[in-house]
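Which chain is which? They are A, B, C and D, in the order written, and residues in each are numbered from 1.
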Amino acid sequence: MNFNDTADEATFRLEARAFLEANAKRRVPGSAPSRTIDRDDEVIKSAKAWQSKKLGAGFAAITWPKHVGGRGGTPIQQIIYAQEEAQFVTPPGVFDIGLGMCIPTLIKHGTKEHAVRFVKPALKGDEIWCQLFSEPVAGSDVAGIRTRAKREGDTWVVNGQKVWTTGAHFCDFGLLLVRTDPDVAKHKGLTMFFVDMKSKGVETRPIKQVSGGAEFNEVFFTDVVIPDSQRLGKIGEGWTVALTTLMNERLAVGIATGILGVDDFLALARSADLDGEAAIKNGAIRDRLAQFFIEAEGLKYTRYRMWTALSRGETPGPQSSINKVVSGRMMQDLGSLSMEVMGDAGMIAGEGPGQGAFQRQWLGAAGFRIAGGTDEILRNIIAERVLGLPPDVRVDKDTTFSELEAARSKR
Amino acid sequence: MEFDFSADQKLLKEQVQRFLHDKSKLSVARRVLEGDETHAADIWRGLADLGALGVAVPEAYGGMGLGALELCVVAEEVGRACAPVPFQSSVCLATDALVQFGSEAQKTRWLPKLIAGETIGTMAVSEGGKGIAQMATTLAGDRLSGTKVPVIDGEAAGVAIVMAGGAGGATLAMVDLGGRGITRKRIDTLDPTRKQAEITFDGAAAEILGERGAGVRQLRTLHDRAAVLGAFEQIGGAEAALYMARDFALERYAFGRQIGSYQAIKHKLADAYIKIELARSNAYYGAMMLASGGADLPLAAAAARVSATDAYEYASKENIQTHGGIGFTWAADPHLHYRRSRLLSLSLGGATLWRNRLVTALEKRNAAA
Amino acid sequence: MNFNDTADEATFRLEARAFLEANAKRRVPGSAPSRTIDRDDEVIKSAKAWQSKKLGAGFAAITWPKHVGGRGGTPIQQIIYAQEEAQFVTPPGVFDIGLGMCIPTLIKHGTKEHAVRFVKPALKGDEIWCQLFSEPVAGSDVAGIRTRAKREGDTWVVNGQKVWTTGAHFCDFGLLLVRTDPDVAKHKGLTMFFVDMKSKGVETRPIKQVSGGAEFNEVFFTDVVIPDSQRLGKIGEGWTVALTTLMNERLAVGIATGILGVDDFLALARSADLDGEAAIKNGAIRDRLAQFFIEAEGLKYTRYRMWTALSRGETPGPQSSINKVVSGRMMQDLGSLSMEVMGDAGMIAGEGPGQGAFQRQWLGAAGFRIAGGTDEILRNIIAERVLGLPPDVRVDKDTTFSELEAARSKR
Amino acid sequence: MEFDFSADQKLLKEQVQRFLHDKSKLSVARRVLEGDETHAADIWRGLADLGALGVAVPEAYGGMGLGALELCVVAEEVGRACAPVPFQSSVCLATDALVQFGSEAQKTRWLPKLIAGETIGTMAVSEGGKGIAQMATTLAGDRLSGTKVPVIDGEAAGVAIVMAGGAGGATLAMVDLGGRGITRKRIDTLDPTRKQAEITFDGAAAEILGERGAGVRQLRTLHDRAAVLGAFEQIGGAEAALYMARDFALERYAFGRQIGSYQAIKHKLADAYIKIELARSNAYYGAMMLASGGADLPLAAAAARVSATDAYEYASKENIQTHGGIGFTWAADPHLHYRRSRLLSLSLGGATLWRNRLVTALEKRNAAA
C-alpha cells in the first residue's frame, strides 16, 4: 500500500507539470480556485485560448482515442492531469459538459459527418456545447419532459422550455431531448437532436440561485426549426441516447475543489470564542469536528481507492457513488456549525471572519444536495445498483405520456 | 391540567395571524430582501395598530397589560409569516429590557414610542464575535464609546440597549440613536429581511439601564426571556416551512406520481413534524415559566430554544430539498425561511452554547432537589 | 397555563389516592415498576385479586358506560388514576389487552349474548383475553395473514400460526383473525372469531427475546374447532372488526414507566470518568444529554397537551403519534451512550454500574422500535394521517390473496 | 497509486474467509453465546493451523513473518464471521504487545504458544470503569496484587498483560495466569460469545513488559495499533450485518411487495453502505500507517476507529430494525452482531473518547505543519 505513481504515471505527471509551469501561474496556497462560470466574455475568451493550448500539448482529451483527436491515454492520466492543473490558476471549465457529455454522445449516436464537423472545433475550444434535458416539470424524472418537436417535412419544429442549462448563454450548440410522440409510454416517445443555440426562437435567461450565482439558465424554444439531419439516433429512441449522456455525467464527477473543509474549520475553532474559551476546547465542537474529519478523509481515501483501480486498469467499484451524498450534507453541516462558532458575527455574509466563505458554502450546499441528482435519488441508486434492492414501484410504465398528463391535471 | 393557551389568547393569535396572512405575504419579505428598506414599515405599523408590540407592557405605558403568554402567540405568528420587521430586537429585547430593568423615567420616555411603533429598539452586544470579556466598548460617566457589530435592526433603530465595559464592569446602557457621536454602516448578512448594521459610538450620550456592573446577569435574564419568545417565532417559521414543503410534495409529480407518495419525502416531513411538536411542547413549558416567573425559567428557556432551533433549521433546509431544483432558485420562496432560521439560531447565541447552558441549569436543579 | 386539576379532577384524584392508600403499598421512590408480565401463576393470581378490588371500587373500567359495568367516567379520570397507581406497587397489567382492546371489540361487534356472558368476568379479572392477529409472514401488514378457517356446518376448523401474542400462556380467550376466503382481495377474505384458549389443537410456545424476556408467544392452531356462534361480525368483514381493535391499541399507548431517562444518565455522567475527568464535564456528553432532555421533556409536555385536551372534553390532536418513534430511538441512544460513559465496565450486563439497567434498556430498545408499529410504519402514519400525504403505492389492492401468494413464491 | 491490498494479501483474505465461512457459521457463535464455552476452541485451532494468529509475527518466533496489512485482512474476516474466538485479546493486544515491547526471553517463551493457539493471551486494564489515575492494582517487585474487571477472554487466557501502579508509576506487567495467587470469576456481559472475567491477583508472580513507568504510553501505542485492526474487524461485521439485512429485505414481503422496495428500507441500507465505505477508506489509511510505522498513526487510527464504530453500530442495529419482529427474537441471528458491535465499540474505549483523541492528533499535526 502506497500513494506512489508507477514509473509511467510519474513520467506523465512530470510532462503535465512541465506544460503547466510553462503556460500557467502556480496558485497561491490556500486560495480557493473559482469554479463559477462567469457571464463575462473575457473569461470565455481566455478559456478558449487555454483549451487550444491544451489541445496542442495533448491534454485536451486525454482518454479519447487518437482517431477522434484524443491522446489515447488512461483514466488515471486524466486524474493526474487534473491533480496537477488544480495547483495552477486556469480559466473555469466551460468545456466540461461539451467534451465530457455532449461530444461523446454525438460520437456514439451521430453520423460520421457529425463527427467530422463537430469534434475538432469542440476539442479546440472554438465551439462550446451545452445539454438541454431538464425541464421545470421534469427534474429527477428526466423522461417526463414536455418540450415537443413536430415533424414538418425534413425539419422539426420545437416548442417548449428547458431549465438548469449550464452555460447556455455562451454556448454554440446544445444537445436537445424532446418529445416526438406523446401517445406512447413516456420513455418511448423521446428523440434526441442537437440545436444551434443561435437559431431563431431560442431565448436564454439566467436563473439566479439562492447563493447569488447564475451559471444556470432557462432556455425557451418558440417555433425553433431544426433540420432532421441534426437528429442523433432514431426517432423514439431519444431515451437510449440520453442515457449515454447521463452515464458520462456520472463519470465526470471529479475532484471537489474550493470547498472549505476540516482544516478551515479547525483554524476557525481555534481562533473563535465560544462561551468564554476557544471553541476548539469545547468537547461538543471537537466531537463534530471529528465527524467532519472522518467524512472528508473517508471520501478522499475512497477516491484513492478508485484511482488505484484505474491505475491497475480495473473498473472502479461503486464506492464513488457515495461522494456527492456525503459531501453535500457535510458542506451544509460544516457551514452551519462554523457560523455558530463565530457567534453573532456568524450572520455576516460579506465581511467578518472568513470573508463570508463559510456562509456562501452553507447557502451553496443547499443546492449541491440537489443538482445532478438529489440526495434521495442518489440513495436510491446506491440501494438499487450497489445493493441490488428492487426499484421503486413505477406507475408510469404502462401508460402513455398523454394519459399521465391528463391524470396529473385532473387532481 | 390547563397546558394550553386560553381561548382569549387563541383569539389574539388568530387576529395577528389574519393580519399577517393578508398583509405580510412572503412577497413582502422578498421586497425587503431585495430592496433598500431596513424593514417593512407598513407591517410594523399594522402590528402596532393591533397592539401587538405592547401586549406584555403595562397599560400605564400604553401597553395592553397582558402577559408573556400573549406575546408568545404573537411571536409565533410573526415567525410563521417570516415577517420582515424588527420584532425580536424591538419587542422581545429592547422593550422587554425596559420593562424588566428600566427606571420609571426611562419607561415613561421610551415605552409608549416603542409600543406605538414610532421608535424601534434594538440590543447591541456583539463586537464581531468576540466574547464579553474581550469587549472594547466602554461607558465612562454618561459617555459611550466603541463599535458594535452586527447590530440586528441597527439601522432602523432609534434606541439601543448597549453592553459596555468600564469602571464597575459590564453594564447595560441606553442610547438614543438620534443623538450625536453615532455613525452607522449597513452590513451584508444572510438574512437581509432584517437588516443589520455596524454602529460606532464616539462619546455618545448614554444612561445606565438597571445597575452598573450587572450587565452580564441582566443580559442572561433577557436572553432567557427572549429565548422563549424566539422559540415561538422559530416554531411558527418551522411550521410554515413544513407546510410549504407538504403542499409542494402534493403538487409535484415524478415518475408518474406525487413526490409526497415516496417514503423518502414522507419520512423527511414526518421528522420535521416530530421536531416541531417536541419544540412546541418544550416552548409551552417555557412560556409557562416565563409567564409565572418560575425558577425553572433558565432550564425551560434553554430547552425551548434548543428544540425550536433544531426544528426550524431542519424544516427550512429540508423544505429546499423537497422542492428540488426550483427550491434553490432565488425566485422561489424556500430560501426566505432558510435564511430566517439562521438569523434566529444565531441571534441569541448558537445551539451548542444553549445546550451547554441547558445542562448547567439541569445540574443546578438536580443538585437543589 | 397551569398543571392544576379542575375541582372535579382534584376530587377524583383524592378518591383514587384514598383507594390506593388503603389497598396497596407506596412505591419506594426511584425503584422502577416491573412491567414484565411474568409466567408465574402467583403473579396472575395476585393480578386477578387486584382487578376484582378495582372493580369493586369503580376503577376497573373508568371510561366505560355504566350499563356495561364501567364508571361512566372521563378519559382524564383514567389518566389521573394511572398517574396515581404508578406511585404504588401493583401487579402487572395482565388485563390491559383484554379490557383495552378485546372486550371493546366484542361489545361493538358481538351479540347481546356475548356481552352478557363475557364482559363481567373480564372486568372482574376472572377471565383474561389476548389478541391473535400477527403472523410470521404478516407483521406490519396484518391483513396478509394466512391462518385459515374452513366452514363445516355450524362450526369452523382453524389451521395456522399466530405470533407475538402477549400472555397467551395464561389467557382464557383470544380474539382471532383468520382468512376465510383466499380468492378475493386480501382485506376482503378475513373473518373475526373468538376462541377458547383451552380448545383442543391450540398450542402455545413462548418466544425468547433478545432482551431475555419472554412475555410473547407463538400460538399454533391445528384443526381447532370453533362454533359459528363465536364469530364477531359478518363473514368476510374481519378487517373492519380488526380495525376497531387496532384503533383501541393506539389509544391504549399510555405512560411509559420504568424507563431510564435523563436524570439517570446525568447521575451516571457525574460519577463516571471519561478520559480523566467526570464525564459530565465533557462538552460532547453535555451536548448529547441536552438532546435527550429536549426529547424526554418534549414528550412529557406533549402528553400534558393531550391531557389538557381530554380535560376540556376535546379530542386530542395527532401529537401523541410521535411518542413511540421518539422514545424508542432515544432509549437506544441513551443506552448506548451510557455504556460509553461507563468505560470498559459498560459491557457488564449483570452487575456493574446501574446493575445492568442501561444495558437491558439498550437491548430492549431494539425491540421497542419494532413492537406495535415500527419506526417506519409510524412515520408513514404521521405523514399520511397528520400531514395528509398520499399512501404508499399499493400493489396488493386489486389482486386476490391467492394470486399474491403465488407471485411471492414464484420469485 | 497502490491504495489497496496486494494480490497475495487478498489471497490470504479469501483463504481465511473460506475457512470461517465453512466452519464458523453463526450457529457456532450461538453455541458459545448459549453455552458454557469461553470461546470456540475448534475455530481457534483452525485459525492457528492457517497461521492466522501469527501472520505479523517474525518467523523466528514461529510466525508467518508478514506484516500488519496481512493481519488487517484476517481481522476483517474474523469480524465478518462474528467469530467467537479471542482474536482481539490474544492476537491484536497480547501478541502485539509482546512483539512491540517484549524482551527476547519473553518473546521466546510466549509467542510460539500464542501463535499456535496453545495459549490465549489477554490484556487487563479496566477496574470497573475507573480511570488509570484511580487504579488500585499494584506491582511491588515481581508481585502483582489487585482486581481487574472486566477482562475480555479473561477466563480462557493463559497469559495476561496487566496494567499496574506502584513505585515508578503505571507499568505493564506480564502474568502467567496458570500461576498461584490468581482467582477468576466469569461475569455476565452483553456479548457472551467472547466471555469475560473478573481476575483477582493476590501477590501473583509478574514481570515487567517493556519499561517501568511507561505503561500509559505503551498502552496508547497498543491501543492505536489495535484500533486499526479493530476497525477492520468492525467493517467485516458491519458488512455481514448489512448483507443480512439486504437479503432479508429481498425475501420479506409486506403489502404485496418486497420490503426492500420501500425507500425507508432502501435508504436505511444505503446509509449503512455509505458508512461502511467511509470506514473502509479510513481503515485503509490506518493500515498503511500501521504497516509503514508512519507518524500519522494516532490520527489515522482514531479516524479508522471512529468511522468503523459508527458503521458497525448503525449496520447492526438497523439490521434488527429491517428484520422487524423476527429480528428481536433470540432465535434469529441479528442480535449476534448487535452484541458484537457493542463489544468492539467499548473494548478499546468508546467513540467520544476516540473522537477527542482524533482532534488532539489533528491539532498536533496541523501545528507541526
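Annotations
Throughout what follows, a contact is a pair of C-beta atoms (placed from the backbone, for glycine too) under 8 Å apart; a residue touches a chain by one contact, two chains touch by 3 or more.
This one's a predicted model, so the numbers in the text were calculated from it and none came from an experiment.
Among the remaining chains, the Cα-based centre furthest from that of chain B is the centre of D. The interface formed by A-B recurs in C-D: of the pairs listed in B-C, C-D or A-D, only this one shares over half of its residue-numbered contact pairs with it. Mean C-alpha positions place chain B and chain C at a centre distance of 42 Å.
Separating the CA-averaged centres of chain B and chain D is a span of 51 Å.
Centroids of chain C and chain D (each the mean of its C-alpha atoms) stand 39 Å apart.
Contact with two or more other chains is made by residues 282-287, 376, 379-380, 392-393, 395 of chain A. Contact with two or more other chains is made by residues 257, 262-265, 267, 352, 355-356 of chain B. Contacts from chain C toward chain B in the complex involve residues 1-5, 9, 76, 262-263, 266-267, 270, 280, 283, 286-287, 289-291, 293-295, 297-302, 304-305, 307-309, 311, 319, 322, 325-326, 376, 379-380, 382-384, 386-393. Interface of chain C with chain A (complex): residues 282-287, 393, 395. Residues of chain B touching chain C in their complex: 1-6, 69, 242, 246, 249-250, 257-258, 260-261, 263, 265-267, 269-271, 273-274, 277-282, 284-285, 287-288, 291-292, 302-303, 306-307, 310, 352, 354-356, 358-359, 362-363, 366.
Touching chain C in their complex are the following residues of chain D: 125-126, 128-131, 133-134, 149-150, 152, 187-191, 196, 253-257, 262, 264-265, 313, 317, 320-321, 324-331, 335, 338, 342-343, 345-347, 349-353, 355-356.
Across the complex, chain B is touched by residues 134, 136-137, 139-141, 144, 163-164, 186, 207-212, 272-276, 282, 284-285, 332, 336-337, 339-353, 356, 359, 362-363, 366-367, 369-371, 374-376, 379-380, 392, 394-396, 399, 404, 408 of chain A.
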